[in-house]
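Please see the structure below; I have some questions.
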Amino acid sequence: MSAMLRLLFFVVSLSPTLLLVTWDGSLSWALIDGIRLHLTLTPLAGFFLTLLALAAPLVALPMLRRPCDWPSLVLYVLLLLGMQLLLLAGDFVSFFVGWEVMTWSSYLLLLRSSRADMETSQSFILFNLASAFLLLAGILVFFSLTGDFAIRSLAEPSLPQALTLLALFGLAFLIKVGTLPLHIWIPSSYDQAPDAFSAFLSGSVSKMGVYGLILLPTLFPDALASFAGRFLNGPAFGYLLAWVGVITSVVATFKAISQEDMKRLLAYSSIAQVGYITTAVGVGSSLAIAGALYLALVHTLVKVLLFISVAGIVLQTGQRQFKDLGRLIERMPISFFGVLIGIIGLAGMPPLPGFAAKYLVFVSLVDARWLLLLAAMILASTAAFIYCYKLIYAPFLGHANSPGAKEAREAPWPYLVPQVILMGLLVLFGLFPGLAIDVLIDPVLVGLQMAPIGAESWAKLTTVYGGYDGVVLMLVFGIAFVLVTGLFLLLRGRMRRAGSPYDLSFAGEVPTADTPLHYGAGMGRELRRIPLVGWILRQGTRGFYLGLAGQMRAAAALLGNLYVGRPQAWILIAVVVLAASLAARAMMGGL
Amino acid sequence: MMHAVVDSLAMIGVSYVMGFLFYGFYRQLNARIQRRWGPSIWQNFFDNMKFFFKSETLSHGPMFFFGPMIIMAGAFTTVLFVPFLKDSTWLQGFSQYGNLILIIYLLVVGPLGNALAVGSSGNPFGVMGVTRGLTRLMGLEVPFFLGLALVMLQHETSSVHAIMAAQDGLANWGIVTNPVAFVVILLPFIAAQNASPFDVVGAPVEVYAGPRVEFGGRLLGVLMTQNMMMSIAKLVLVVDLFLGGASNVLVLIAKAFSLFLLTTAISMVFPRLKTEQAVDFFWKVPLGIGVLAVILTVWLPSWSA
Amino acid sequence: MTLPLTPVWFVALPLLLAFASPLWVRYRLLMPLLVGTPALLLLLAFVLLPEVRTGPLLETIVIAPPLGIHLQLDSASWILVALISLAGLLATAFIWLSDAEPYLRDRRAFVFLLLLIAGCNGMVLTGDLFNLYVFLEIAGVSAYALSALRRDASALEAGLKYLIIGSVAAVFFLFSVVLIYLQTGQLNMAAVAARFGGIPAPMQLLIGLLMLVGLGIKAELFPFNFWVPDVYQGSHPVLAGLFSGLLVKAFLFVLFHLVFLLLADPQVAGLWLMGLGATTMLIAEVVALRQEDMRRMLAYSSLGQIGLITLALGFGMQATTAGGLFHMVNHTLVKLLLFLTAAVLLRSFVSARLADLAGAGRARPLAAALFVLGALAVMGLPPLSGFASKLWILKGFAEAGVFWPVALILLAALIEAGYYFRWIKVLYDPNGDLKAAAPVERMAYVPMGVAAGLIILLGVAPFLVDDLFIEGAQTLLDRGAALSAVLGAGS
Amino acid sequence: MYHKTQCEGFQCEQAMLEVPGDAETVREGVLDKLIAWMRQRSLFVLAYGTGCGAIEMRPLMTSRFDAERFGIIGAATPRQADVLVISGYLALKTLRRVIRSYEQMQEPKYVIGLGSCTINGGMYWDSYNTVKQVDRYIPIDIYVNGCMPRPEALIEGFVALQQRIKQGGKAGYHQYRENIDWYKANQRKALGEEMPPAYTYDWYHAGGVA
């Protein structure tokens, strides 16, 4: 019975894939009063559906591990259905329905974690609902302009209309992707969510905000450029958005470096990555949108991979703080490779597709002549190396710092299979950077009526600014590596393996297990001494939102005083209101 | 195929020879400035060979062993993706398959691979050095990349070949047509070469040789080799971008040498900066110049147009 | 012999059965009849439905002209009657199936519950102002008695408070009826409506205000709703659910029925009511943020929803009105579900306080799940029914290009989420270690399940019922047709 | 220039242990000669200031005497160093560190004993705490005597070392490897409880192949 249910669940988790393969034509479902839900699959939605199809079954695997939490599985299925509805939406109502189902089912999934606390869950749901309600408000404004709920471009909105719509939709999507002042809900919820589900939150759910952000400019194709004009070689309005994205990336990157918990680090890194995507959307050119989509693809693969690896580590060691881990490379080698490939992708290092994505975005920034943005983005993406290194050093290298880390074994196969598949995909896309362009991204660009990037072969990434060949790069590197290793081994001499992990060059001393040798927890702490970084790390929005919540509660207390328990007061108020209304009317000369 | 193999070997050879000779010269010059004789110009070669033929090498496990291999492969790849000559079929490597941004990233691949080896040795001083290195990288990349972006914007391409081809004649050299960009990248370039005053990463007395603390014997030889080759790759890259490239090896050596002389002259006379001082410096001075350059060369023309 | 199927049965059947209660006690038929009556009424409503959709059913029992009992079953009041029967059915079924406290299962409770249903049905159906007052008192008195049934200090206090404020409300209403009678000499609503325009403006205002205060107290509008939390907290949760789901809806319907019928131009009054509704909604939602008792929290949430319905109905457009009526139905279902959940939790864990319920989700998973479902529905999250009705209302506002209610409704929903999700979080608190104090009949979940099923069904396929609400809204808003139907038939 | 040609005093104990240098012919090809030449041209010195002789290392390395012209420069860690200079007396405390550093150096490695203290305790000959004969604990390739020897003497010592390296043949580290039990016994006698853990040296027995 249980096995059958598991199998059923897994099949449902494949539903985005099945949908992608079998979907043709469209579907519609009446709601009320002439509102109909239309389901169609646009190329853009198809792209994000592909991402969902990649992530959903891979995240489902670890969730299926015994003993499994059945409510979680049900909620996960709901979440998947909601996201598919959102992506298939041909009208705003179904978009909103999908959005909301996604929101509350992911919230309830978050509650399944034993670590979720009140502040986290409240901030998660309130920010997401605020996003949803802003979206709904935008949809209603849009409806009042067009008279129906279809997702289509607005013919000629006036400036205030366009600004209102932009503000409502933009805020809704920016909350979802978590750009800067609106990101506060992300780190703690990604951290406290059930370990496997964090992968899905970061890898797939955040992509829905990106989908919205890319969809947004298509609603008013000309209006954006016409009312704000152009700045250098790109839309001026996008310049603002791009700065929002870049500042998000920079701040989130430094915050990520200062984290002491694996999942929190990944959460901040997720914010930073989505910040890049926001920047690319802000640039808005064909190159940039291709870059944004590519980044979304890579980010999905990488974050699912990393979160699942981390989930495996947490499962096997019971530790999640950097200071408590170490030297797992010998005990969990496959997870090590998972994280290694993951951080190479995350850092945007050349052989893997992260580089292709970043290359497109960089080139699009140069093309738009927005060089200061480029510089800031470089700052974020080089600072990212530090947290990437921290992420692999602290758990896997150095010295084991807790009993859990000393006795851990390799993660069970439901955690390893997704990792291996994702590593394979990352290497594949890295070898063939043109593959993703040709198969996944160009159809979307054509669908958005933009110039496709084009790929002369799958191995090549080509832009007007030049490109590179992934296969040649990988071959050169691989051959060089084999050659160097071979030559090295040909040299005469003994290789001697150190007798103990503590056989270190340590100023003539012999360190012992008690010597604090692991540098995991403190890594990046010295960055605070750089004035700018120190300033950034001292800032935070938590105080503001806590203050807001406090004010709200104070208002509730104040208003609650109205509800006294004395009937004479109730009657008095009723009479006074009556008298006051009459008196007011009399004063105004009515009587 | 044969051509590619021979060409690649030639590039690796040229960069290695240039590498140890330049560094030998550096040590000579340094000695003369300090009023001593200094070692022979071949000294770096001797040091390197000595390490390669050490009879014993300690390893801390497979990752520790593969780190130097990765960094060496990264150095080879970098060298092979930087075109050494223009208007020539030789010393091109695989540069037509790459571009400027790729090269900038390739420069970092190897050191990051080595950082894994440092981490797996478990020596905290090594990791401390790596962190300092990454922090410095974070500081220097911003102005460095901004300067290169100015060049990319000027030529509207990220292909090093195209940028080189556009600089025919002294008047069209990047350093003449885009001097601000050269100024912007100069100091970060010195830091990228791990030269004084930005050499706190491997400072012997401060972090116990930093990332290299556990490396000895042949592995250290590998690290030395890649360092020399990588330096040459960076020098050649700047020569390609700002000094019009070179049409034969002699011109290449001459140009690279003069650039090397310039950076050496700067780095000889300044004392070492702390990591955070260096980063702060990069974000204030070279980046400040860079921002000014962007405003002057990109914003103003677009507004006046 | 066939009994004539007329609207009279909606009032008469519960009244008759209630007064014959000693008989049922003797034959042990109390519980089956308690559940059977609303079930029969619901059946009757559906039997009458096709007829109602063709035109309103009028029923006049003349006592002495102009006094008489006018009952009018049109598309709008049909919705309410069916809703009252359904809510009654669910609540009574819960009382029966859950093996509830004895005081809810004895004869007095039986009488008062049936009287409550009769009174509500009468209020909704009547076409006569004095009858309206009578039914209002019947419903009110049974409600006071019900809330005091438990006979402990808190219940008695709740009953007493309810009695005091309810009587005051009745007095206000009675004043206005008297004034109307003095001015027009009529008590039939349609006849009054035809002459209402002839009353001098200040008197119109006075009548309107008196009526507003009287019905406002009953319908829980803002400056008059301070009694609600105390009474809801003191009463048994099932009864609170009935008050919130059934009684208040009837009063609200009466209020708007009168507004749309009496006033030729309901715009001014509508604006006032919208203002009141918006204030009620916002203040109640904000206050609910700090409530630590589930019943009190649900009471404030109920006030918030009443405010929303008032806001929607007060706008007087067809779409918002239909949406408002739909929301009434949804809110009744949802609140009933939530109060029944509260009853289950209260019974299991003795307390309904936030601090005492931490981790209740593991001890009572089904109840907690139903609470979550209800909470999602009440906040208007798809695919549950609250979403459909809210969307309808919002769409109506958007169509008319009026956006301030949209903003307020969404803001209120956000605040509402603030406290509902706090409760949900606490119910699923991983650190809470609760052991259920008392067992709960499994069958008790049946009525809750039915309500939940309806919530989901109406959320996924609201198109099944939207015609009814559109017709209801049209009937409610079409003053001319209503007048001609009554007066034309009467003359 | 003083070269140790025959044993005197306590050194005879060690000489008895030694296998005659030419008993085992070392394979000497062209490559070996080339390598040996490169080795002697590049000596990385572990600048380990054990005693007052360390003060003599500074002028040696800096402009006045400029050891770099012989290819002699300082190394920061023992992993990178070729030559360990024991600069003066060794206390028992420092002996442990010296042994540890020596074992961490990678072969080929050489030791220069600087000053009389390394030979016989020098002016500390009757101190309770000073190691009298350093080469009972680690093999010394070259002694530079004096108290303290001037940098010129030190340079001479280095040059002598370079010549020995160029000639090839067995050096101190061979001796240490072959007589490890004797050295360890001496070390254990001196250090007692403070002996470094076994993993730091037991690879000498295992043949040390990783």
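Order of writing sets the labels: A, B, C and D. Residues in every chain begin at 1.
Heads up, the rule we're going with is that a contact is a pair of C-beta atoms (placed from the backbone, for glycine too) under 8 Å apart; a residue touches a chain by one contact, two chains touch by 3 or more.
Protein names from UniProt, one per chain: A, C = Sodium:proton antiporter; B = NADH-quinone oxidoreductase subunit H; D = NADH-quinone oxidoreductase subunit B.
The model shown is predicted, which means the values in this text are computed figures rather than measured ones.
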| item | value |
| --- | --- |
| Result of counting contacting C-beta pairs for A-C and A-D, higher pair | A-C |
| Most remote chain, CA-based centroid, reference being chain B | C |
| Gap in Å, rounded to a whole number, between the CA centres of chain D and chain C | 99 |
| Length of the line joining the C-alpha centres of chain A and chain D, rounded to whole Å | 59 |
| Centroid spacing, where centroids are CA-atom means, of chain B and chain C in whole angstrom | 78 |
| Chain centre separation in whole Å, for chain C relative to chain A (CA means) | 44 |
| Chain C, residues touching no fewer than two other chains | none |
| Per-residue overlap in chain D, given as positions that touch at least 2 other chains | 77-79, 104, 208, 210 |
| Multi-chain contact residues (two or more partners), chain A | 494-497, 502-503, 505, 507 |
| Contact pairs between chains, per stated definition | A-B, A-C, A-D, B-D |
| Chain B-facing residues of chain A, complex | 232-233, 327, 329-330, 340, 347-351, 355, 359, 362-363, 365-366, 369, 371-372, 374-376, 378-379, 382-383, 385-386, 389, 392-393, 396-399, 464-469, 472-473, 476-478, 480-481, 483-485, 488, 491-498, 501-507, 516-519, 523-524, 526-527, 529-532 |
| Complex contacts: residues of chain D adjacent to chain B | 35, 38-39, 41-42, 44, 62-63, 66, 68-71, 74-80, 82, 104-108, 208, 210 |
| Footprint of chain D on chain A - complex, ascending | 494-497, 499-500, 502-503, 505, 507-510 |
| Residues of chain B defined as touching chain D within the complex | 27, 31, 34-40, 43, 46-47, 49-50, 53-59, 204-205, 208-209, 212-217, 220 |
| Interfacial residue positions of chain B with respect to chain A in the complex | 52-61, 63, 65-66, 69-70, 72-74, 76-77, 80-81, 94, 97-102, 105-106, 108-109, 112, 115-116, 119-124, 127-128, 130-131, 134-135, 137-139, 141-143, 145-146, 149-150, 152-153, 156-159, 162, 208, 213-214, 217-218, 222, 275-276, 279-280, 283, 287, 290-291, 294, 298-299, 302 |
